[in-house]
Amino acid sequence: MPKIQTPLILVNFKTYLEGTGKKALELAKKAEKVHLETHVSFGLAPQYSDIPTLAKAVSIPIFAQHVDFEKPGSFTGFVLPEAVKEAGAVGTLINHSEHRLKLADIDAAITRARETGLISCVCSNNAKVSAAVAALQPDIIAIEPPELIGTGIPVSKAKPEVVSGTVELVRRINREVIILCGAGITKGEDVAAALRLGTVGVLVASGVVKAKDPYMVMREFADSVRK
Amino acid sequence: MPKIQTPLILVNFKTYLEGTGKKALELAKKAEKVHLETHVSFGLAPQYSDIPTLAKAVSIPIFAQHVDFEKPGSFTGFVLPEAVKEAGAVGTLINHSEHRLKLADIDAAITRARETGLISCVCSNNAKVSAAVAALQPDIIAIEPPELIGTGIPVSKAKPEVVSGTVELVRRINREVIILCGAGITKGEDVAAALRLGTVGVLVASGVVKAKDPYMVMREFADSVRK
Amino acid sequence: MPKIQTPLILVNFKTYLEGTGKKALELAKKAEKVHLETHVSFGLAPQYSDIPTLAKAVSIPIFAQHVDFEKPGSFTGFVLPEAVKEAGAVGTLINHSEHRLKLADIDAAITRARETGLISCVCSNNAKVSAAVAALQPDIIAIEPPELIGTGIPVSKAKPEVVSGTVELVRRINREVIILCGAGITKGEDVAAALRLGTVGVLVASGVVKAKDPYMVMREFADSVRK
Amino acid sequence: MPKIQTPLILVNFKTYLEGTGKKALELAKKAEKVHLETHVSFGLAPQYSDIPTLAKAVSIPIFAQHVDFEKPGSFTGFVLPEAVKEAGAVGTLINHSEHRLKLADIDAAITRARETGLISCVCSNNAKVSAAVAALQPDIIAIEPPELIGTGIPVSKAKPEVVSGTVELVRRINREVIILCGAGITKGEDVAAALRLGTVGVLVASGVVKAKDPYMVMREFADSVRK
């Protein structure tokens, strides 16, 4: 199983054009630059068809945005864990707010990720659901209140009780799992606030990918983590 | 819009391990070999994360196995037509039997494929549904009775009336669309039978991908097309 | 197969509290009153659990809001055509904008409705999709542009070309099917406009169910139909 | 909130014809007879459109087979908790193996059930998923390994470790929740075994509904509970 270093800044490229194809590659190189300058740990979640290019081009861990739980077989259009792994991914998001899964399928996807050697990062929408996810024993939980995603209103400042409540409920059930938070994170101080609340990093998307200067934003994030 | 040459042999790699990663590349090279030897038109539909590698490596048109209709944006884990296009695909399957879509979403996905410059190949399960698809004006329709998929019982011989009935109903509504058939195709004579029934090619998967000698099967298919 | 009389005013109760339980029954009685006064044909689509009560209480045809295509069996939580039929429904909506189905499942649901003796009313979102639905040979098509649903902006006045375009495309494929339109219908003149565009009735919801005086609105609709 | 008495025998009518309409009513009366004779607590989960009839006819608690989490509004074809409540249900199944829900939607459906005054019975497929469900604090958890459903191979005898493992994991997280088990239960001794493993009842379906003599089976279940 690949090891993930924390604190961690995990950047979800979604299906933004600013994070697709050549632009995905440019973005990945900027993340790598910040990582090399600051030694802060980054992860990147590009679209499936950009995984092989990015995995070859940069030394930063690549995550899929989703994997299906089905075994190899007759599943046209599905995302096979083995395929993204061979393409160079070391992990995968599961159950992102924009790609919610059935409960039994989250369990199955975590199991499939583990047996394929992929780090599983399961997203959740509130403290209670985070506790449920914790019982499924993924490697990472990322709590993201959906109402704040893409708003620029940082969860770590606007809803600190959701983050700290998540940490508390999750820790009663699971002492090992890495806890991230996300939604509305655009500044270094949002990241710093997330760490103070007991998480070890952030899951970010538009705050980086759609920024005028993604390098500067990622650098600010990394600097706030090192303080 | 890219042009597709007919007769066409379209090979769906599904999520078979025999069609994933390095093995997808080997398979693509075998298809290219047959194409170069016979000048018969092939298309290949590998998994998303194998598209860029195959598109660079071979001169055969690459199809995605599915695209989502959503515009670029906040759609984590979705398959953006622009992304698979930039990765090198020239077309996409839509509504495969193993990845059925809502009716309105098939319409939207065809529109998105067209505006992105991707050839749309919409799968259908019977003659009536094929007629419905024809009204949506995709580039290609592939009729595949789901009960025969993966069986080795060829639609073109076991259910010729489904294929000819599809051709008849579709042509009442749409004179342009390219018609393929699939399910259970494993031999050259199955392909020849498909052409005699009024289609201009086949959609195949396990018959090639899981064959002991995929080169030989594809060569047999191509030879039967040239007769 | 039950016969449906046209022109038809089909009222969808959705999951509005104003159309649930006792209030569903009151609403149904108002519809019946208008029907008895004007002899205009009405249909009512309440929630599943209100079907038996309404079917017993009023002489107006009752529709389910949806049925599943599965045969009787192990399908917990599904809506069996046989069950809504026995509860007193004579027809069913299929593929409403808020309950979109996969293409193959629409085909299967129409078939199941027919074999159970239920009138099928399939909703569509634009002219091209309506043509696709027409190929599946339901009893009724209801074209409803989703962007106008619940707005009070009547499709028959704001987008007459969608309605007339639907009628034109559908008639090329299917001469028999009854065509309704819906979305934003709140006044008698909206209904009259719908009839002038070539439909034989309307599918309405909030315009009636959430009206201050549903009786008056239904009466106005009925009067506009009789002119 | 209605109180549920344990031990509990909860009978899911699914979409079996033997449990639809008039036959649902007959079955309910047999269950009531057994209840009156033995004082053992029963619950019945008929199809939505049979809820009002059964709720009026018998003194046994009626459950919906599923509810949606959406609030009253524009949700055609959805199952509104308020509607099944007003129709006479006192509770609802959620996330049955044949009707799996997204994790966040299970959480939302439990919340909606609670605010509507419906008892929530959430189904799960293994011990780990049961623990996840426990974190969501429903009123009842029913563990049912899907591979045994409908087989006649009783979970309580064929996979006792799944049942006892569920009880153990769930109790670490939630001391209050009522735990049932199901799948393959056809005999009194299967029910007795379920109770010995730490559950307080069973969720059954075909074992009763498709039995030659449902009264006798239910009576045998009830007798085994009383011992």
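First chain written, first letter: the chains are A, B, C and D, and each begins at residue 1.
Keep in mind that, in the parts below, contacts are C-beta pairs under 8 Å (C-beta built on N, C-alpha and C of every residue); 3 or more make two chains touch, one makes a residue touch a chain.
Remember, it's a predicted structure, so these values are computed and weren't measured experimentally.
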| item | value |
| --- | --- |
| Touching both subunit C and subunit D (chains) | none |
| Mutual neighbours - chains that touch subunit A and subunit D alike | none |
| Numbering shared by both copies at the subunit C-subunit B contact, with half separating same from different | same |
| Separation of mean Cα positions, subunit D and subunit B [Å, integer] | 44 |
| Interchain centroid distance [CA atoms averaged], subunit B/subunit C, Å | 37 |
| Distance between chain centroids, defined by C-alpha means - subunit A, subunit B (Å) | 34 |
| Subunit D: positions in contact with at least two other chains | none |
| In the complex, subunit D residues that touch subunit A | 95, 100-107, 124-126, 128-129, 131-137, 169, 172-173 |
| Complex contact set, residues of subunit A against subunit B | 12, 14-17, 20-22, 45, 47-53, 64-66, 70, 72-80, 82-84, 86-87, 89, 93, 96-99, 149-150, 205-206 |
